[in-house]
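Listed below are the structures to be examined.
What follows is chain A paired twice: with chain B in the first complex and chain C in the second.
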Partner chain A sequence: MARTRRVRLAVWKFASCDGCQLSLLDCEDQLLTLAQEVQIAKFLEATSAEVKGPYDLSLVEGSITTAADAERIREVRRQSRALVTIGACATAGGIQALRNFGNVPEFISAVYATPAYISTLSTSTAIADHVPVDFELRGCPIDKGQLLEVLAAFINGRKPAIAAHSVCVECKRRGTVCVMVAKKAPCLGPITHAGCGAICPAYGRGCYGCYGPADTVNALSLVNAWSAAGGSRAQMHRVLRSFNANAGEFRAAAEALHEDD
Partner chain B sequence: MKTIKVDYLARVEGEGAVRIRFRGEQVRDVEVRIFEPPRFFEAFLRGRSYTEVPDITARICGICPVAYQMSSCAAMEDALGIDAGPTIGALRRLFYCGEWIESHALHVFLLHAPDFLGYPDAIAMAREHREIVTAGLAIKKAGNAIVRAIGGREVHPINPRVGGFHSLPPRAALRELLPGLEHARQAALEALEWMGHLNYPDYETDYEFVAVDAGAEYPFIGNRIISSRGLDIAVRDYDRHFQEHQVPYSNALHSRLAQRGAYLCGPLARFNLHFDKLSAEVRAAAARAGLAPPCLNPFKSIMVRAVEVAFALQEAIGLIERYEAEGAPFVPASVVAAVGHGVSEAPRGLLYHRYRIDDAGLIRDAKIVPPTSQNLASMEEDLRRLAPHMIAMTHPEATRLAEQSVRNYDPCISCATHFLKLTLERE
Partner chain C sequence: MDTQGAAAPGGAVIIGLDGLDALIKALAAGGYRVIGPALGDGAIIFDEIQSAAQLPAGWTDVQAPGSYRLEQRGDGAIFGFAVGPHSWKKFLHEPVLRLWRAQRQSDGSVSAAADPPPAARFAFIGVRSCDLHAVAIQDQVLIGGADKDPHYAARRGGAFIVAVNCTAPGGNCFCVSMGTGPRVESGYDLALTELLGDGRHEFVVEIGSARGAAVMQQVAHRPAQETHRRAAAEVSARAASQMGRELDTTGIRELLLGNLEHPRWDDVAARCLACANCTMVCPTCFCTTVEDHADLTGGGAERVRQWDSCYTLDFSHLHGGSVRSSIKSRYRQWLTHKLATWFDQFGSSGCVGCGRCITWCPVGIDLTEEVAAIRAGQEHGKR
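Right, the complex of A and B next:
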C-alpha cells in the first residue's frame, strides 16, 4: 500500500490565555495516537523542534492586538493550506476586545507605570478580520471533543460536524430543566452557540455566553425574558460585554441596550 | 560583544525570550523579555460586578484558571466579610488539588522532563520512554477529572462563585474518581523515584523563599504570607512589603520585596517552608529520591513538583473519602463598599488579588500579581549566575541550559503579562 504523507499540523498563538491550545494537550487518551497520525510540525507550547512550512493545517489561538501580530497572521496564512481558528479570542477578539469600547491609553496607565514602553493597538480583533479563515471553532475555552472532530475532519478532507444551534437545544438533550423558567436565573442560552454541552445550567447557573452568538438570533428579544427572571438590563449588558463582546450579534445587542438607557 | 539569544522560548506557556550579553568574560546584562501582548485585565475589571471576578480572571490563564478563581473569591469574600465555612473550604482544597496535579503533570512530564533526557518534546521522548510519558498523561488526566467533576470543565471551570460554588457535586460523582486517583498516586511515587536518577546541573542559590501560610496544612489558600528570612505578614499588608516595577524590555512587571530584592515563590518555596506538613509517606518518598529541605537547586524543582503531585493525589483521595454533599453550596453576600485582599498558591506560586468595590458591588480598582512576575527577578539572577559557565559552551549547549533554567520556573507568560527567545551577546 502506498504511504501518503502525514498531515503537517502547526499551532499558533496570538493574544490569549493558552487555554485553547492546552485543550489539545488535555486530550490525554488521544495525544500519542494523534502524534502518529499527524506530524506536529510547530507547536511552541509543546515542542522546541520546528519543521518549516508550508503546513497542511494551522490551528490559530488568540486575537490580533499589535501591529507586529497583524503582520504575523498574514505570514501564517501564506504558509497554511487550511487555517482554523480555535476559541473566542481568535474567533471574536476575546475578553481583551473590551478595549475596543474603552480608552486604551487609560488602560495602559492603569496597569503600567511607564506607558511609553508598551506598544499595542487600540483594538483586539478576530483572525477573520485580517485573513480568510477556513473554519472557526467557538468557545472560551473550546471543547476538546469538538477540537478532535475538527482535526479528524480536516485530516480526512471532510466538513466538521459542529452544530450551530443554541445552548437551549443542548439543555433539552441533556435533560436539564430550564434555569430561566424554574429558577429565575438570567440565562444567555437562547442566543448562545452550542458546543459546551450546556454545562452552566446543569450546575444551576445561567449561561454567560462564552461560545458567542448562535446563528440567526434575536438578542434583543431576550431582554424581556431577562427582566422577567429578575435580571437587570445593566447585568445583561455586562454579560454581553464579556468573552465575545466584539462578536456581531452580542456587540449590536449591547450597543442597543446602552442607547436605551 | 558575544550574545546568546533564545528568540522564542518553547515549552512554556506564553511568549517570551532571553538575551544574555557578555563583554569579554564578563556578563554585561541578562534580560528575560516578555513580548506576549498585554491584555489589561486590571483596567477592564473596573465597573464590573464583584460577582464576575471568578469568571473573568480565570481567562488570564488557561493553565491555572482555578488559582485565579480561588484568589479572586478569597479577595471578594475578605471585602464582603464572608466566611465560606469548612465544607466549601474542603471542596475548594480538593478543586485546587486537581489543578496542581494537572498543571504540574503537564510541566513535569510534557515540558520539563525532555530537557533532562535531551528530547525536543514529550512525543519524541515517548518513542524511547513510553512508560514515563503515559504515566504522566494518566496523572494529568486524574487531576483534570477532579477539576471537571467539581468545576464543570477542565479549562475555565464554571462552578466557583464568590461565597462558594453554584452547586455541590454529588458524592457519587467524586467517589467514582477514586480508582483513577489511586492509580495516579502510585504512578507519581514511581515517577519520583525515576527522577532521582536524572542528572541535575550542580547549581545552588540561597533564595528568599516566600509562600502562603495556612496553619497546620500544606498551603493552598491562606491569609498570611511567610518567608525563609522571617517575613510573616497578613495578606492585607502585601502592598507594604512587595513592590512591582516596570522594566523597559518587557510587558511583564517585576516584583521585589521592599529593601530586600528578588525572592522565589512556587513549589521550591512551599517545599522548603512547609515540608513538615507533608505526610510521612510523601516525605519518605522525597527522601528516597534524594530530596530534603532546604532544596536550593532550582533544577530539582521537577522532583519537588512530583512530590507535590503525590501529596495532592493523597490529599484529594482523603478529601473525597470524607466528602458529603451537605449544606448550602454558597454563602450569600450583603454588598458594602470595601477593599478585600486574597492570596492562594497557584501551581507556580503565590497569586495575590486586591479589589476595591463600591456600595453597588461594582469594582473601582483591581490589582493582580501572578507568580511568574514575582519570580522574574530570580529567573534573571539564575541566568546571571549560570552565564559565566556558558562562555565555554557551544551556542546550542548554552541555549539549552538557558532554556532549561527558565523552565525550572514553569513560567506562565500569559499570566505575567497581564515569557522565551535566548540572546547571548559577547562584546
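Right, the complex of A and C next:
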C-alpha cells in the first residue's frame, strides 16, 4: 500500500514550554525516517522554512491563554485534516492552569512592571475546549515512543495503541514494588493515565500524575487512603494541583478537598 | 553421605546452610536459571540468584490490607516470611512478551519471525504451597486444554521446583481456608522445611522426583530421621494455626452468584480504584491483551502481548463501548470469576489464599472481608 503523497505535518505552539515538540527532535534514530515519510511543512523548532497549509496532520502543543490564541487555534483547525494535541498543556491546560484557581489581575500587578501591557485571559484551557481534537496524547512531557506510535498510526491510517488504564498496570508489569503499600508514599498512579512506563515508582517516588486522569478515576478513595496513611489534606491538595490541575477528575478532587476544609 | 535410599523419590534427607548453597550452585551448574527470594526495593522479591548468601536471611514481612513492611526477625531464618509482591507468573507467563516481528522485503514479500523461547530452564527456589497450587491452576488454564499457549509451555516445561514449607504465614494468608497449604504435597522436585532453634539450623529435604534425587547426589547430606520428619510436620501444623485471615467457602459459588445485586457491591465500589493491582499480583490471574505496532514506514510490524486486567475500561470494550463501565461491575466480575465461575470454567477455585491482592491493594480492599459481608448480609436478609 504505497502512499501516493507524503503526509504534510505541521507543529504548532500555544502557551507551553516547548518540551513536547522537542520530543519530536529527540526521536534521534527515527527522525530521518520520519523526515522521509512525512513532509515537515511547518516546525519552527527545527526550521524557519514554512510550507503553506492545508496540512494533513497538525501536532498542537500548549494551552489557550489569550484571546488571540483562542482565535488562532480555530484557524489551525481549519487548515488541518487531523489535529492531535500533545502534552498536559494542550490536553488539560498545563501548570499555567493554576491561574484558573487564582486572581489573575493580582498576579499580573505583582509580576509585571507595566501591567497594562499584558493582555491575557483569566484561564488556561485545553485545546479540546476550543476546537474538535482527533487524538489527545498525554504527558508532561509526552513520551517520545508514544509520539512515534501516534505518528505511525496517523500516517498509516490506523488507531494509535495508547492505553488509558492506570499507571499501576505499568508499574506492576515492570515488577516495581508499590511505593504506596511498602513505603506509605502518596502516589497518584492508581488514578493516573499510563504512558510514562511508571518511572517515578521505579525510583522510589510516588507518581506525580503527569499523564492526567486514567480511564476510570476514584480520587476520593485514594485521598482517603493517603489520609489514613498520615498525609495532610494540604499536601494532598498540592499533589492534585500540578501539571494536570485543570483536568476534570483532578480538579474535582482538589475542589472537594478544599470544600471540606 | 548416603548414596542411595534416603535421597531417592519419596525419601528425605537433611542438609545445612552450606548444603542449601551447594544446591543452588548445583542447579546453576546444571544449566538452570536460578530464581529465588531476595531483598529489593524494601520488599522480598523474586530475582536471579547465584548463591544462598543472596537469600533474605533474618528478614520477615509484616503484612496487612494495603500495607507491607520488612522487619528483622532476630534469628537467621532464610525462609521466615510469607509471599511478596512478585509471583512465579512473572517468569512463566511474562508481563510483556513480543510474539513476533514482520518486515516487508524489498521485493514486496513479507517475512515474519517469532521470537525464540528463552534458552535456560528455570529453577525456582522457595515456592510456597499456595503458589504451587497457583502454578497448577495456570497450567490448567494455559496448557491444560486443547489450545496450549506455547510461550507458557516453553517456560514451564522443565522448570525445577524447590518448594518451601511455610514457617511464618503472613497477616493476609488464608491458604488453610482454600485447601492449598501451608504444607506442600505434590508438584515439586524438592521440598524444604527449615528447622531452626536449640542451636540447630538445617533443612529437611523431601525428594519429589528422580531429577530432584539426582541433584541431591551433588549436595552433602545425611538421611533424615523420624524426629526430623516429626519436627517438619510440627512446623506445618504451627503455620496452619497462624493464618492471618479466613474465608468461609461453604457454598461460595451459590452465595456470590445468588447475590449479584447485594448492596455490598456498591460499598466496595466506593473504595475500589479500578487500578488493577489485585489482578496483576494475583498468581492465578492470566488475562493478556495484544498490541500491534507498525513503524513509521508501514514496512515493519510487531505484536506484543502484555498482562491485562478486568479492571481496565478497555478490557470489556466491544463494538460500541465498554460493557463494564462502572467500578462496581468490574469488582464484581473479578470476585465472582475468582471464587465462583472459575469452578464452571476450570473445575477449581481461582483463589489459592495467598493474600497478595489484599496486601498490594493501595486502599486495602480485602476479599475475605467482602465475601463475609455478603454472607452476613444474606443471612440477615433471610431472617
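The definition used in the following text is that the second predicted complex is superposed on the first by the 258 of 261 C-alpha atoms of A that agree within 3 Å, B and C clash if a C-alpha of one lies under 4 Å from a C-alpha of the other, contacts with A are read in each partner's own complex, and residues count from 1 in each chain.
The criterion applied here is as follows: a contact is a pair of C-beta atoms (placed from the backbone, for glycine too) under 8 Å apart; a residue touches a chain by one contact, two chains touch by 3 or more.
Not measured: the values here are computed from a predicted model.
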When the two structures are laid over each other on chain A, do chain B and chain C clash or fit? fit
A:S166 contacts which: chain B (first), chain C (second), both, neither? second
Kindly classify A:L148 by the partners it touches after superposition: chain B alone (first), chain C alone (second), both, or neither? second
May I ask you to decide whether A:A49 touches chain B, chain C, both, or neither, giving the answer as first, second, both or neither? first
Looking only at contacts as defined up top, I'd like to know whether chain B or chain C touches more of chain A. B
Looking at A:T91, would you say it contacts chain B, chain C, both, or neither? Reply first, second, both or neither. neither
Which of the two partners, first being chain B and second being chain C, lies in contact with A:R174: first, second, both, or neither? second
Thinking of the overlay built on chain A, is A:N218 touched by chain B (first), by chain C (second), by both, or by neither? second
Where the C-alpha centre of chain A sits as vertex, the angle toward chain B and chain C in the overlay (nearest 10 degrees): 110
Quick one: is A:N244 in contact with chain B, with chain C, with both, or with neither? Answer first, second, both or neither. neither
Kindly classify A:T125 by the partners it touches after superposition: chain B alone (first), chain C alone (second), both, or neither? neither
Would you sort A:L22 into first (chain B), second (chain C), both or neither based on which partner it touches? first
Minimum Cα separation, chain B versus chain C, post-superposition (Å)? 11
State which residues of chain A lie in both footprints, the one left by chain B and the one left by chain C. 204
Contacting residues of chain B [partner chain A, same complex]: 8, 10-15, 36-44, 46, 48-49, 52, 55-56, 59-63, 65, 102, 106, 110-111, 120-124, 126, 130, 133-134, 137-138, 140-141, 144, 152-156, 158-159, 161, 166-167, 245-246, 248, 251, 253, 329, 403, 412, 414, 418
Can you tell me which positions in chain A touch chain B when the two form their complex? 13-23, 25-26, 28-29, 31-32, 35, 40, 44-49, 65-66, 69, 94-96, 98-99, 102, 104, 106-108, 110-114, 117-118, 120, 140-141, 143-144, 196, 199-200, 202-205, 208, 210, 235, 238, 242-243
The residues of chain A that touch chain C in their complex are 1, 3, 30, 33-34, 36-37, 148-149, 151-152, 155-156, 158, 161, 163-166, 168-169, 172-178, 180-184, 187, 189-191, 204, 215-216, 218, 220-222, 224-225
Considering the complex alone, what residue numbers of chain C touch chain A? 40-43, 45, 66-69, 85-86, 90, 95-96, 270-277, 280-281, 291-298, 306-309, 311-314, 327, 330, 359-364
